[in-house]
Amino acid sequence: MVIVMVPKAKKSQIDKVINSVKKDGLKPHVSKGEERKLILVIGDERKLNLDHIKAIEGVEKVHPILKPYKLASREVQKEDTIIKVDHLKIGGDSLVYMAGPCTIESEKQLIKIAKSIKKSGAQILRGGAFKPRTSPYAFQGLGEKGLKFMQKAKKETGLVTISEVMDTHDVDLVAKYVDILQIGTRNMQNFQLLKAVGKVKNPVMLKRGMTATFDEFLMAAEYIMSEGNKKVILCERGIRTFVKYTRNTLDLNIVPVLKEMTHLPIIIDVSHSTGIRKIVRPMARAAVAAGAHGLMIETHYSPEDSYSDAAQTVDLDEFKKIVKETQAIENILKNMN
Amino acid sequence: MVIVMVPKAKKSQIDKVINSVKKDGLKPHVSKGEERKLILVIGDERKLNLDHIKAIEGVEKVHPILKPYKLASREVQKEDTIIKVDHLKIGGDSLVYMAGPCTIESEKQLIKIAKSIKKSGAQILRGGAFKPRTSPYAFQGLGEKGLKFMQKAKKETGLVTISEVMDTHDVDLVAKYVDILQIGTRNMQNFQLLKAVGKVKNPVMLKRGMTATFDEFLMAAEYIMSEGNKKVILCERGIRTFVKYTRNTLDLNIVPVLKEMTHLPIIIDVSHSTGIRKIVRPMARAAVAAGAHGLMIETHYSPEDSYSDAAQTVDLDEFKKIVKETQAIENILKNMN
Amino acid sequence: MVIVMVPKAKKSQIDKVINSVKKDGLKPHVSKGEERKLILVIGDERKLNLDHIKAIEGVEKVHPILKPYKLASREVQKEDTIIKVDHLKIGGDSLVYMAGPCTIESEKQLIKIAKSIKKSGAQILRGGAFKPRTSPYAFQGLGEKGLKFMQKAKKETGLVTISEVMDTHDVDLVAKYVDILQIGTRNMQNFQLLKAVGKVKNPVMLKRGMTATFDEFLMAAEYIMSEGNKKVILCERGIRTFVKYTRNTLDLNIVPVLKEMTHLPIIIDVSHSTGIRKIVRPMARAAVAAGAHGLMIETHYSPEDSYSDAAQTVDLDEFKKIVKETQAIENILKNMN
Amino acid sequence: MVIVMVPKAKKSQIDKVINSVKKDGLKPHVSKGEERKLILVIGDERKLNLDHIKAIEGVEKVHPILKPYKLASREVQKEDTIIKVDHLKIGGDSLVYMAGPCTIESEKQLIKIAKSIKKSGAQILRGGAFKPRTSPYAFQGLGEKGLKFMQKAKKETGLVTISEVMDTHDVDLVAKYVDILQIGTRNMQNFQLLKAVGKVKNPVMLKRGMTATFDEFLMAAEYIMSEGNKKVILCERGIRTFVKYTRNTLDLNIVPVLKEMTHLPIIIDVSHSTGIRKIVRPMARAAVAAGAHGLMIETHYSPEDSYSDAAQTVDLDEFKKIVKETQAIENILKNMN
């Protein structure tokens, strides 16, 4: 860490910084800058109470050198994390497809969709039983009943399953019925929930918050990992910007950047990051071309009749085309390297 | 609601929209637009499944006419909501001051601060017992022990108290020890938590999400109110933008706008919306001049030594000056009208 | 257009709206909404003075139905615009590569780069002679001398050339020496400059403003086209968001959306939209997979020694790889359809 | 400046950085960090070619210590810049009011407004002769004819005048007829225009770009000042965010921050930063309470009939109230200090 003092900082102020650094067990080193003093901190700066340093009168700025996360970083683990569920691998060289309805509506609906997407190449079935709706008056999901349908769909098709958990209360319940727990974008910094899913055995897919920075995203993963659960999958789902035409702005830059910063797999939710059915396919192609480990796509046999997110849901035929085109890109790129 | 069809929409598509509107119990009315058909919806459009309409092929855009919230709107309740806690009124013509440390550190610390801010004019003591920290390795708060100190501080000073609740699990616990429950910015759309605080008797202060629109903010309030708890206080705490110099961008436009849209009181958290101690005072003045019902300000006798948010915490003297200057503005404005 | 009145709008207010609409030569049609009156406008609403309507007391909101641009829209021209320069086609099914240094440094530098990129498959040479620098103290470009080097490089290699023009003053000068004029992101709404390049014969590549909406982007193109120059190429170069790790956030959603809205070609500047050399290649692949008509990539034989934008400049070998990988994607996708 | 190397950076990479720093005439100082090397740069880092440093392989990050601007900074000039026009002072302790129509419509209109605002307390008349309109089909202003009306209005009322200049071509023309030149938000980084107004004698009011950071804003001022014109007035006019309800988000945090960073006066354009007539008054109060040196407010005797920006234009009575209320705040605050 480099601590920058204001020009003409008093000796007493510099001493306060030095003492604060020493108190946290680190070594301060005052530089011979011309216009202002710099204090270098030698040692693991993550042990420092940044808040205290910043608050000392005479401190102008603080530049951290180290990343705030550890377990999620490439520095701690060099090789890619590969998460195994049944016979499926998520991460590394694999490309996975998560598809299914936004909301679980009935057993029949779910199984019909499950069978079709499996045939098209999907390995994971998604479906919402607990739904985060912006209106309290909107349908909130089938709850446990929906989860039971997921279990049944898995039995019939062999697909791995994923569903969202919204409350610490429901973690065990969801973990009992489905393979992978999903944390939604609005809960990316629901720290109690992160800790709770950090204690179960199921893998967790963590969606990026609507305006989370890359560091905040990885710190949320760190919350889960610090409780013992290392099976974390990251999911970009678009960020909120001034653009209103699309539901969100898909930030694909994050894919190659995260692949440098972390060993965890990265999935792109192409439905929420666009919000428009017609542009799901080109964006799915772009995500795979950028190097994503997988795609999540809301899929329904009759999108116009789905309970929620209908405008961004693709039909079963379109899903098939998406798999075909993205696999072609995946193959051509693999053969070139 | 106005539903806009694409140019040359097919009759079958228009019929689909008409039937969907009728199915939800509303009256469609097809207009005679020149370039494209418009379908007007007569009746309470909030009953419509917007998702279905948007998803029908041939629909280009949907313009809602009504606001999505009801209980929170001025249309349902004309007069200002005034929330009474002990002898204190929040809302209407009153101006309230919430002050205290970011984190409760000890009984002694809390009571020392409480006594001073009371003397300076504050009516409400804030203090964090459950702390939402971006790092899992940072101090997470004293929990119940901290809440007990709040209770004690109230006993000694008579101040009304407010503290954050982060999990459905802890709602009853926090409600037992403090007067007002606070929902933090990261939990503005933690819908299970909103429902849970909607069931207690304590007033709830809801902080705006980092990138919440005005409508989303009021819909989150609606979540609480729809469970029966009408005592909701709104709190602007700055939004996330491309600006990095200040911690957040304080959006004061929201004050006069919300006062038109809703009858609920609006408080400005001047600490988080700036992040810089030196600019808390001018921004506090601006907030009151814009018409806010109150201010929340992190205050400590020794800001540099506070456990968290030290850089934005003001000392007791500065708090006193803030109260003096903002009251002067409040008075001059009252006398002019 | 649909004009929404406030609940209980006065008759005099509604009359004012009606008269204003009639004055502009359009037909108003008052609807029988339940809670509030709606006024439908029949005819080409682009003739309406929107400002006046919005300002009338009693008007709550105005929903435009038509797009504000005409010449740039698919409604006016169905088939793709294909711009021919020498033997090169830009737009339609073609994929073009624009490469070269950020800043023209010397004749030798430019020609060395030009020869290499040509061999790798580029058809267009980029190079800055007038440089928009955030600091007045930074190198501002070689000016006319640089343009002459461009002319020479074209002569030696046969590459089509592109260079930025920053001021109405220099339009004729730049148009004399290079084939395509570039309008930079900071000048996307420099309306006088747009009009000036609308009067020359050279094609114009218009970069999206840092926070331009899709509509504003097309309206800027409309400015150029309305002066007579229909040869406009659109260029996405990343938008400004709260993300700081990358220089900008590449918004690839815009590619399939613009292809629906407009007939003009769309190029992706992969250098500015990332700012990081290492992620240029994956993002170039993503751009082509999303359907872009071409790529712009800052290229130098010794990126570390380039005068400007060194961190995002790739070397000649990397450029070769980019062309190879993106052409492979382009081919596989063409063969599938 | 502190240059941070990646962990295990090679000696050759570090040497390259060291040589690059030395070449620019500064002294590098390699630190003894534990996990990675840091290179401190001693001397005026503004002389360094940042681009080169960032581009060297092995460099992870670069932290500038000094601000990039000089002439605009408090470090170079401690005391407030006070700009005198006729008998008027802008900056320091003075509070100035700029009012008038968005667009100059006729001599009669302009003079009627000028007389009224003068009586209410305004010292400066604003009026647009060259109008930056998003549509090429919208009215573009009266041009020189409008400027002549400004000159006449000044003669009749004695008000100081301000009007926008949009093109290098028109600088001398506008400078001839009005006192203060305005650079609009879309031209904040039109560097040729900044240089051109840097060469005239008139004061220049520079509007903040829609997404300009504080540093970029001051660097644009620096452009003007570096050409010799030190009479620069800064103007915040709202920034673009995800909020759509208001036209822009007024960023008042900038007022106290800029007052620390620079000696130049800061004006708030309350019309563009809100876009809604009804909230102009509370925001004007907030701006003055935050410490602004003045206000710019679009004013018209009949806002509904104004040519442009009608929705945010206040009438003459409202303007009078704004002056009264803001002066009361100004006075009370002056008396307290």
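As written, the chains take the letters A, B, C and D, and residue 1 is the first residue of each chain.
Operating definition for what follows: a contact is a pair of C-beta atoms (placed from the backbone, for glycine too) under 8 Å apart; a residue touches a chain by one contact, two chains touch by 3 or more.
Here the structure is a predicted model, which means the values were calculated and not measured.
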Remotest chain, chain A as reference, centres from CA atoms: D
More contacts between chains, A-D or B-D: B-D
Length of the line joining the C-alpha centres of chain C and chain D, rounded to whole Å: 26
Distance from the mean Cα position of chain D to that of chain A, given in whole angstrom: 39
For chain B paired with chain D, centre-to-centre distance based on mean C-alpha positions, whole Å: 31
Chain D: positions in contact with at least two other chains: 211, 240-242, 244
Touching residues (chain side chain D, partner chain A) in the complex: 2, 4, 7, 29, 31-36, 38, 40, 42-44, 61, 63, 65-66, 75, 240-242, 244
Partner chain D, residues of chain C touching it in the complex: 16, 46, 51-52, 54-57, 68, 132-137, 166-169, 186-187, 189-195, 210-211, 216, 219, 222-223, 226-227, 240, 277, 303-311, 313
Partner chain A, residues of chain C touching it in the complex: 211, 213-215, 239, 241-246, 249-253, 255-257, 260, 273-274, 276, 278-279, 282-283, 285-291, 324-325, 328-329, 332-333, 336
